[in-house]
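Letters A, B, C and D name the chains as they come in the text, with residue numbers starting at 1 for each one.
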Amino acid sequence: MRAPFHEPGGNAFLGSVNQHRTVSTGVNKIRITGNRESAPDNAVEMPLRVRYAETDQMGIVHHANYLVWFEASRSEYCRVHGINYRQMEKDGMMLPLAEAHCQYVSPAFYEDEVIIKTWVISLKRSILRIGYEAWRGTDLLARGETVQVLVNTVTRRPMRFPAEIEEKFMRMQAPE
Amino acid sequence: MRAPFHEPGGNAFLGSVNQHRTVSTGVNKIRITGNRESAPDNAVEMPLRVRYAETDQMGIVHHANYLVWFEASRSEYCRVHGINYRQMEKDGMMLPLAEAHCQYVSPAFYEDEVIIKTWVISLKRSILRIGYEAWRGTDLLARGETVQVLVNTVTRRPMRFPAEIEEKFMRMQAPE
Amino acid sequence: MRAPFHEPGGNAFLGSVNQHRTVSTGVNKIRITGNRESAPDNAVEMPLRVRYAETDQMGIVHHANYLVWFEASRSEYCRVHGINYRQMEKDGMMLPLAEAHCQYVSPAFYEDEVIIKTWVISLKRSILRIGYEAWRGTDLLARGETVQVLVNTVTRRPMRFPAEIEEKFMRMQAPE
Amino acid sequence: MRAPFHEPGGNAFLGSVNQHRTVSTGVNKIRITGNRESAPDNAVEMPLRVRYAETDQMGIVHHANYLVWFEASRSEYCRVHGINYRQMEKDGMMLPLAEAHCQYVSPAFYEDEVIIKTWVISLKRSILRIGYEAWRGTDLLARGETVQVLVNTVTRRPMRFPAEIEEKFMRMQAPE
């Protein structure tokens, strides 16, 4: 069982809200299962230091920056696994986002040392699904998920992942 | 029935991907219903012009900016409905995000004129759920949803929305 | 003579600092003349509303955003004067920055309505120099200046402005 | 003598432009001396990896991000020298920018490993002047300078730096 999360000052913040795992609305239905597991052991970890520019007047990291952090950690995942995304773009492939989701558990503050954990959830044909967690020490700050589609740069249509790249994304452990 | 979405050059982009409405993974389950309705008639509309700084090297608007746009349109929603968020913060209330979701349907480009439609999905006790759509003319660019929690600035704990503010958020039509 | 600038709460903020017009250091010498004139009458004006994401934990607009605003107003200048920058890029030209300068006079706050005034200072061969002012009502918030270089996208080397584009940049009044 | 700067692909980019060290215009005069020296030996160095979100559709790092990088390296400078800026804010002091200047020498690209060098140029009463350089290996990417003013958070008026903090900023070498 995971202990409740606290911000540095000791107050639970959004923890109680995030127990509402299943939500249903008339317009946009998003259901997130309650038995969400944490990052697997082979997740790639990327450390970062919170920049002043990433805060907002609430005194916490602005929520949009988590998507930027997830993206940076995705790049780190690629580097660790020998995937050269810069070269992929030169080779006429792009990985735009089709979907992004982030659940904010506890706020991050200026100068915090944050670890982003990143792992591949699935890769099917042209669709890559990646999971993320942001941690400050033993505090979970956020969980996220993105869906990306491999697209041919010229036609802008989805294309299958080349086998070699797919294999690297799906490798359970980073090569030594 | 909604026609397929096209980018200005005429290529469908991510449309085909987004038919995968229900997704289930071992780690993070997000289910989005297929019969998603569009913005209601009383949605507040905010126009914006895409800034160069909002593009990335893919030549499209970077995905994190949609959260910034949704937030700006939320501010517009508040102004239209007589909700003074600046004053709310001075009165010791904050509305941090607990959750954000965005589905990217078609990319936006530099200089595009985009309309963000914003509406309240629900407001229950301390939890405010808002829906968004981003449009360029008749092209749907993105759909989003955020969950926010009203928090006492000092205790950083969730608090009920004051009745007067709740009433303004839930009013179906903006006051004349 | 220009009156001292005040933030909404009534306090002078940085005004007294900015009287130090001429500065000389051993390493980087920047000299700004004291008799700086304000924007000319034919400056193009672009209104914007301060976004929450643009604030930082100081409770004011983060300073880097002014460069983004200046850029957006530069785009507006181009549109008003019939310069199609999107087309220029397609035609193999780019306008990267060689230099940017901003002087922060008075802070901007969330939801403020700001006007950016933009005008061409000079255009010589490949070098475009533009001036900016940011205003909130009668409060000057910032002054800026950028230097851009017209570059051939393929060779990445400076190129002369085509006569037709130069003429549009230098036209004193926007065409009717 | 410094060798001409090259981007990875081998093209000089903005180098030739930046020889125009002294510029004078009718409206905004900025003069930058030609004999600009490079960062001193005791500059604090902060490494960073270019994020995808920091690029724009020109395929290079958007110019506003350099101010964000400079700020992050300023924080690093403070940490190295035992200056706790987070605590300074809690103690009622703020360091807003009065002025920022950046000269872009050579573009940075996605995934580049960049080093920001930071050093104090001068600290006089309430005014702190800091210099920056951004490097990728032996390529100088940008030079910058900021002017900040120590401000009392409540009165929002400039205040002298406390002697203890001034001493830390001016110390030539970081303490062991």
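Annotations for the structure displayed:
In this section, a contact is a pair of C-beta atoms (placed from the backbone, for glycine too) under 8 Å apart; a residue touches a chain by one contact, two chains touch by 3 or more.
Source: prediction; values computed, not measured.
Taking C-D and B-D together, the pair of chains sharing more C-beta contacts is C-D. Put simply, the chain farthest from chain B by mean CA position is D. Taking the mean of the C-alpha atoms as each chain's centre, chain B and chain D sit 35 Å apart.
Centre-to-centre separation between chain B and chain C, using Cα means, comes to 30 Å.
Averaged C-alpha coordinates put the centre of chain C at 20 Å from the centre of chain D. Residue positions of chain C touching 2 or more other chains: 52-53, 57-58, 60, 64, 67-68, 71, 110. Across the complex, chain D meets chain C through its residues 7, 9, 11-14, 16-18, 20, 23, 25-33, 36-37, 40, 57-58, 60, 63-65, 67-68, 71, 89, 94, 96-104, 107, 119, 121-122, 126-127, 129, 131, 143, 145, 147, 149, 151, 155-158.
Interface residues of chain C facing chain B in the complex, by the touch rule stated above, are 49, 51-53, 67-68, 71-72, 75-76, 79, 85-86, 109-111. By the touch criterion given at the top, residues 52-53, 55-60, 62, 64, 110 of chain D touch chain B in their complex.
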